Structures are given as C-alpha cells and as structure tokens.
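First the structure, which I've put down as structure tokens, then a few questions once you've had a look.
Chains: A, B, C and D, in written order; residue numbering restarts at 1 for each.
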Amino acid sequence: MPLTREGIAYRIAQDLPDGSFVNLGVGIPSLVARFIPPGRTILIHSENGILGAGPKAPPGQEDPDLVNANGDFVTLVPGASLFDHALSFSIIRGGHLTHAVLGALQVSRCGDLANWRVPGPRVPGVGGAMDIAVGAQQVWVATTHTTDSGEPKIVDTCTYPLTAARCVRRIYTDLAVLSVEGERLLLEEIAPGVTVEEVVARTGAMLTLPATVRTMDIPTEYAGASLLAP
Amino acid sequence: MPLTREGIAYRIAQDLPDGSFVNLGVGIPSLVARFIPPGRTILIHSENGILGAGPKAPPGQEDPDLVNANGDFVTLVPGASLFDHALSFSIIRGGHLTHAVLGALQVSRCGDLANWRVPGPRVPGVGGAMDIAVGAQQVWVATTHTTDSGEPKIVDTCTYPLTAARCVRRIYTDLAVLSVEGERLLLEEIAPGVTVEEVVARTGAMLTLPATVRTMDIPTEYAGASLLAP
Amino acid sequence: MDRVVATCDEAVADIPNGASIMIGGFGPPGIPVNLVRALRRRKLRDLVLIYCGGGTEEDGIGGLIADGAVRKLISSYPTHPGATAVREKYLAGELELEVLPQGTFVERIRAGGAGLGGFYTPTGVGTELAAGKEVRVIDGRPYVFEFPLRADYAFIKAYRADRWGNLVYRRTMRNFNPIMATAARIVIAEVDEIVPVGALSPEEIETPCIFVDRVVEAPRDWVRRAPPDER
Amino acid sequence: MDRVVATCDEAVADIPNGASIMIGGFGPPGIPVNLVRALRRRKLRDLVLIYCGGGTEEDGIGGLIADGAVRKLISSYPTHPGATAVREKYLAGELELEVLPQGTFVERIRAGGAGLGGFYTPTGVGTELAAGKEVRVIDGRPYVFEFPLRADYAFIKAYRADRWGNLVYRRTMRNFNPIMATAARIVIAEVDEIVPVGALSPEEIETPCIFVDRVVEAPRDWVRRAPPDER
C-alpha cells in the first residue's frame, strides 16, 4: 500500500536525528513536524525569522504578528528565537540548517531539483527555495512518486526550470525511499505491499538496486492520521 | 594666538549641526563632544556598537561592559542604541554618519588622508579609520597645523601611507580652518592674532585665498578649558 | 532630532512619480499598510516597488498595482494567493517584474545599506534566475554576482518607536524591515506606539534612529485594545 | 540539544595544533578570557588567531602570542597599548600578520558565516592594505574584492545563555561575537550565567542556538556580586 501524504511525512520524521535544525517547505514537508518522535528535540526554522516554530495557534489564539513562511499563524516553542531576514538567510545559505525537507515538481537521478516553476506564461516566484536547496546540509525531497496523471517526478534530467543542481540527498515518496549517491540513485526502501518492479516502472530514471531492498517499517495509523492509503 | 587642542575641538563643535550623527577619532577629535553647544542634539557613534555614547563614566561608576572605540569607559545618553560590529560598519560604510572627525598625520591639498601609519619597521594597525574615511558623508580633520618639529602636516601630496584618497572636506587646525574644493584648498578662517602669511608659511600645499579671510570667533576660555594658547 | 510626523498622508506627501520604494513585511506581519494606503491616495505613476511578495487588495500593495501606479516590481514571491493584480498586470505586459531568490533579495538590500559594491552568492547558479549574470568560481564552487539595491524611499512597519525614530519590533515583524531601513534615502516608519526618548532599552532597539527619517503613529486595532502586558 | 560543558578546559580539549580560532571581544567587553586561558594551558603550536586587537597579557591573547603558540594573527588593530607580544614577535619575524580595515575584518567573517563567496568594499582602495587585491569599478566607484573568512573554532563571550546555547549580550559585549558565532565549525561560548531553556525572550536572543556548539558558565566576579536588577 502506498503511503498517504501523512505517511510520507511520518517516514521522514523518523529519520530526523535529535538536535536537528530543519526547514520544512509547503505541502507534504509542512506535515513532518506533527510526526517527530517523542523525546527528540528538533527545531523548526522558518525563512521569515523563526528558529523554534511550534504548531499552528489554536483558533482564536493567533498572534497577528507571528506567522511562519507559509503564512500560517504559528506558536513558538520554549527556546525559540526571532530575527530578521538577513540573519535567517545567513542561517540558510551559510550551511547551518542540518536538514531541509522540500517539495518537488521533478528530481533528477543526480539530485537536481525543480520545484519552483512550471514553464509557460505564468508569474514567476521563487521565495526561499533556491537558497534552501543550496544551503542546507542535507536536502530531502518529500513528494508523490508520480504526478496526478501518472507522469514520473523522478527523472533522468529535469525538464522543468531548475531550483538547484545536485542538491538532493534523499527522496521520500508514497512508494519508496531513495538516496542520491553521485550519479547513482539508490532504492533504499519500498512501501509495504509495493514491489520493486512497481517502483521501477513508475520511476523515470535508472535505479540502482542494493542486494536487499528494505520494506518500510510504518504503522497504518498514527495519532489519528492514516499513514497508508487504503 | 593659536588654538589649544581644546580650542580646535571647540571650533569644530560649533560647526556640527543639530541632528548630526558623528564619529570622533582618538586625540583631539575625542574632545569635540565636550564642546557641543547647549540645545543641539548630536549623537556620537562608536565603532564598537554604540549610537549615542555619552561622557566618560565617573570614577567608580564604570560599567565593565561599556567602552567606546578608544577603550574609555563611557556612559549612554537617553535614546542610545547598541549593536554589533557588522551593523556598526554598515552605518559607517553605508554613508549614514553625517560627520566624522579624524586625526591626521598628513592631509593633501585634494583631501587625501594619511592617519594610520608611519613608514618603517612597526606593527601595522588600522582599526576603523579607512572605513570611516570612505564612508562618512563629511570627513573633517582635527590636527595641529604642523608636527612638533614644525613640519607641515598639510601637504601637496601625502608621503605617509594613505588612509583614503580625496575624502577630507574640512581641516581644523590650531591656526586655521581650511576646506577642500576639488583640487583647491581654501583658507576659510584664521585663529585670532594669526596672519595669513604665517598660515601660508606653515602649510606645505598651495592655498587658495578668498577675498577676505575670516578670523575665528572663539572665546579664550570655555567651561574651564583654555581655548587659545598663551 | 524629532522625527514624528502627524499622519501617513503627510509622511508620503513628497514622493514623486517614478520613485523607487521599498516596502517591508512578510505575511501580514510587518507590512506598513497605512503608509501604503496613503501612497495609494497620492495616485502616482511609474513607481518601482521593492517588496518580497506580490501584494493583495487587503494590504494595499496589490491595490497600488491594480491602479496602474507601479511600473516595476522587484520581488521574490509575487505568486502567493491573493496576488491577483500582479498576475493580471504582468500577463497583460503592463508590469515589469524582477524576481530574485529571497536570500539574494534581502542580501542585495543589505549590501545597498552597508555601502558594498556587490557580492557573490551560491544561490541560483545554473538556474534561469542567474541568466545573464556573472558567474565566478571561488574556492572551487560557482557563485553568482549580485549588485546592491537601494531605493528613494523605504516604508517600514515597527511595533514601538521613540520620537527620534529608534525602532523595536515584536514576533515576526522584523523580516525585511530592519534591512530596508538601511537602504533608502528617506525612511518612513509606521508604528503602533510612540514612546518617549529613553523609554526603549539600548539593547532592544533593532533599528537605530540614524536610519529613520519620519515616524508616524498608526496603531492597529488589536494593539489599541490589548494592554501592553498582554501583547 | 544540551550544549553545556562543565569547564573551559573541557570545552577546548579537542583543539589541535594548527587550528584557526576566532576570538570575540573589543576593549575588555566581550573577550572570552577564561576560554583563552584554558587554551593557553593546552600549550599548542601553529595556531591562527582571528582577533580584532593584538591581545594583552591580561586578556591572555597576548600571552598566547608571547608563548609562541600563534603562527599567524588576522587582525585590524594589533597596535593598542599593551599589545607588546605582537610587536616583539612580529618584529622578530616570528609572527605572520594580516591586517584588515575593521569593517572589512567583520564583513569577511559575516560573509563566511552567511555562505557568500566574497564581496566588494570601497574601503582601502588605493592604500597598501589593498595591495595585490582585485579592484573593480562598480557604478563609477572603485571597490576592493574581499574573500570570506571562516575558522575551525570561535570563542564567544556572552552574558547569558540557555542550555541550548541561545545567547544574550549586554552593553558593548556584542562587537564581533554574534558575527564570529556564525563563521566557525565549532563555536564555544563562555557566559556569565546559564538560564533554563525558555527563560530568554525570543526577541532578545541575539545569537540563536543553531550557531553554538558548547556553552560554559564562567561568571565574572562583578556579575557574581551584583544582583541582576543592578547590572
């Protein structure tokens, strides 16, 4: 069974070590914070000047001056700090974030990322994506394995405009966990009930298969969220 | 009568307009703050992160964490702010200081300044002088007209290592006030009892003389300090 | 040294057609909406706005663009929900757009305020946002050269000011505001509360008064309602 | 996430010969003297120090230089009273010295911490400190190119820290400390007081804990004596 969006977020959260400093992009990445295992201290960075962003504020208790980069009214954890955009991007570009989890339109075999723009007559807008992609110590992608119409998002070469070249280290999808090692894309894990053949068939780039591919250790449900698609 | 060191500082203080933001170098410049006319609000900047430095702390009331760039234990005026060296030099280099008053080893006719180093086998050390010289909106020099041995400090071309080229706008000495206008050095004012001929004789660069040279309006004494040499 | 101006209209009265204007804020926090509204009442033309987002009808920046007052927008993320005016004007060919990575956007403004001639950033290398820009390999890594960015005016939103223009922000209001305050010829701050000189602690002041030319008090409703110890 | 280390000796125990070390402080304020003294006890060789002044016997930095532990000093003003060790070692040819304008010194460190490849500054053009450096005319004005500066370690002095390493400074203690904290592989902070996580307000934290690897409590005598509301 493929993972739900929450399942992908859950799977990623298991891999963030205690003491991580993490930036989470919009979409699936923004769900990761919910699934951080109890006992781990992980500080969430937000581009607009937060280290230690907490969960969304309960309705009626929003602070009008406290949003995260996605525009959500959030809270702060004890030990949080606030700063301006210049310091925030010194943190990002200077290699101080241990991890960033980003969405993707396409990821290439060697870790090129396209996640900011589809071609065509549209208004371009990049936000912090390019800085985060070049700056974080580890860039992980959280994405569905294919588009809604079944096109592979993991490709040999990106056809969409690049965010940054060779920046992605791991890819977490509804079907698999993959890691980029130089020119090779390793299939590390597959979702429960999914076969290697299925993953290969839905991937647009050559995969390298280790001797054994692990099956993800993931519960069906966690804290009220379904992690596996029915 | 030539001006004393305090006299030079007094004369400069009269020319700082209300609302100025000023950096004062070591030596004579550091005395300027004492002579700011009552009723003018002038904020003193210090390289190490102060805007609004006040007088030296009274003995026994020094705050060990509060010094100015000269290493003096100072006080803060109401409305003062504190910041790090990066912002402090953004203020300096970014053209935000209205005035800087600096000492000089030599100043050239066209405003080149040498004030950080004499040639020879010595340890070089520049501090903030070069940043201030290129950054302040107006750089004024406070200096004796000649060295202790009578050598002119105002010269056609500096022979000492430069701090910055063409940065000085006015020169205040014990004998005169001069202003740099392009390639010309204008004699604006002379000290009481000093003649134009004396100033010309002690200056190592060609002076341009206006139709009339004003005599400085300066008291003999002010707030307990002698402003004119006996 | 008193920088206080009575109204936002007065504070923006001298802005000419064609002026370049930085506007702080990200999300709602830190957007000087009352200054923007006063600017909109001026019915100017050919403005160049330097603003991280695209503006909405609500914050007034979208309204300025919809009015046709803006010739060019220098921005990072003008594509958020509500940025309809940008989309319409841009796709109609009536708005010039310069899009920058967000770190480059703020760093160019910082360089402008700090008197630097430009800098090299690793961000954007090999992307269409670096097209036509100089690339230089430094210590084995490629970087894009970026120029400093300055403006005629900056609109800043802060929480508290003293009458000299020392500024304090709360929560995520800072964002671009302290940086833009360093990089414009005339800096205008809209604040919730003006306090006496000396009432702000020297350590808490984030924008020293040397950067600020005009201060207007325009308290937001919720600030007006909430006593200071509950904010 | 707990960054607290029991002693300064423990905090500097892994520094190898030849390490590059940034040391904050200007005047006495903000110099991490207890870390420097612990470093001196290590009796290392070939260190590269990045410190704005020249050091004195009292602050320990001059002592390190006098001991012959330092191969190179990158500095701005190593000529203040008391900097006798620098003078002796430099004139004897036993100390390499790189002198930078103070704004360039701090901006190179900032660039290192901010991931930039370098920047152009107007400071130093036409002087001997720009000798051999690239000069580029930008918008009609000449600028000198400067590279970023990073180090293996940074020694930071702050006033208060929480156990995660969030730092607060008082008065003129900041100087180079918040900037150096961004630009070294291992950042060690010496503080007067460690408080619980959550005790510092998010707005007052000047150095977020992401930059700090180790925190040691080494209160100064006057801080120990004075109750908090009298400091």
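FYI, a residue touches a chain if its C-beta (ideal position, glycine included) is under 8 Å from a C-beta of that chain, and two chains touch if they have at least 3 such contacts.
This structure is a prediction, so every number in the text was calculated from the model and none was measured.
**Student:** Tell me, which chains sit next to both chain C and chain D?
**Tutor:** Chains touching both chain C and chain D: A, B.
**Student:** If you tally the C-beta contacts for B-C and for B-D, which one comes out higher?
**Tutor:** Counting C-beta pairs in contact for B-C and B-D gives the edge to B-D.
**Student:** How many angstrom between the C-alpha centroids of chain D and chain A?
**Tutor:** Chain centres of chain A and chain D, defined by C-alpha means, are spaced 36 Å apart.
**Student:** List the centre-to-centre spacing of chain B and chain D in whole Å, with centres computed as mean CA coordinates.
**Tutor:** The answer is 30 Å.
**Student:** Between chain A and chain B, what is the gap in Å from one C-alpha centre to the other?
**Tutor:** That gives a centre separation of 57 Å.
**Student:** Residues of chain C touching 2+ other chains?
**Tutor:** 107, 110, 114-116, 121-122, 170-171, 202-203
**Student:** Indicate the residues of chain A shared as contacts by at least two other chains.
**Tutor:** Where chain A meets two or more other chains at a single residue, that happens at 82-83, 89, 92-93, 134-135.
**Student:** Using the touch rule from the top of the page, what pairs of chains touch, sorted by label?
**Tutor:** Every pair of chains in contact is listed here: A-C, A-D, B-C, B-D, C-D.
**Student:** Going by the contact rule at the top, pick out the chain C residues touching chain D in the complex.
**Tutor:** Those residues of chain C that touch chain D are 107, 111, 114-122, 136, 138-139, 141, 143, 147, 169-171, 202-204.
**Student:** Which of the residues in chain D come into contact with chain A in the complex?
**Tutor:** Residue list for chain D touching chain A: 1, 110, 112-116, 162, 164, 166, 182-183, 197-198, 200, 202-203, 205, 208-211.
**Student:** Quick one: in the complex, what on chain B touches chain D?
**Tutor:** Touch residues, chain B against chain D: 46-50, 63-69, 71, 82-86, 89, 92-93, 121-131, 134-135, 161-165.
**Student:** Please give the residue numbers of chain A that touch chain D in the complex, ascending.
**Tutor:** 18-19, 21, 41, 43, 45, 51-52, 76, 78-83, 87, 89-97, 134-135
**Student:** Report the residues of chain D in contact with chain B in the complex, numbered from low to high.
**Tutor:** 26-30, 52, 54, 75-80, 83, 86-87, 90-91, 97, 99-104, 106-107, 110, 121-129, 159, 170-179, 206, 220, 222
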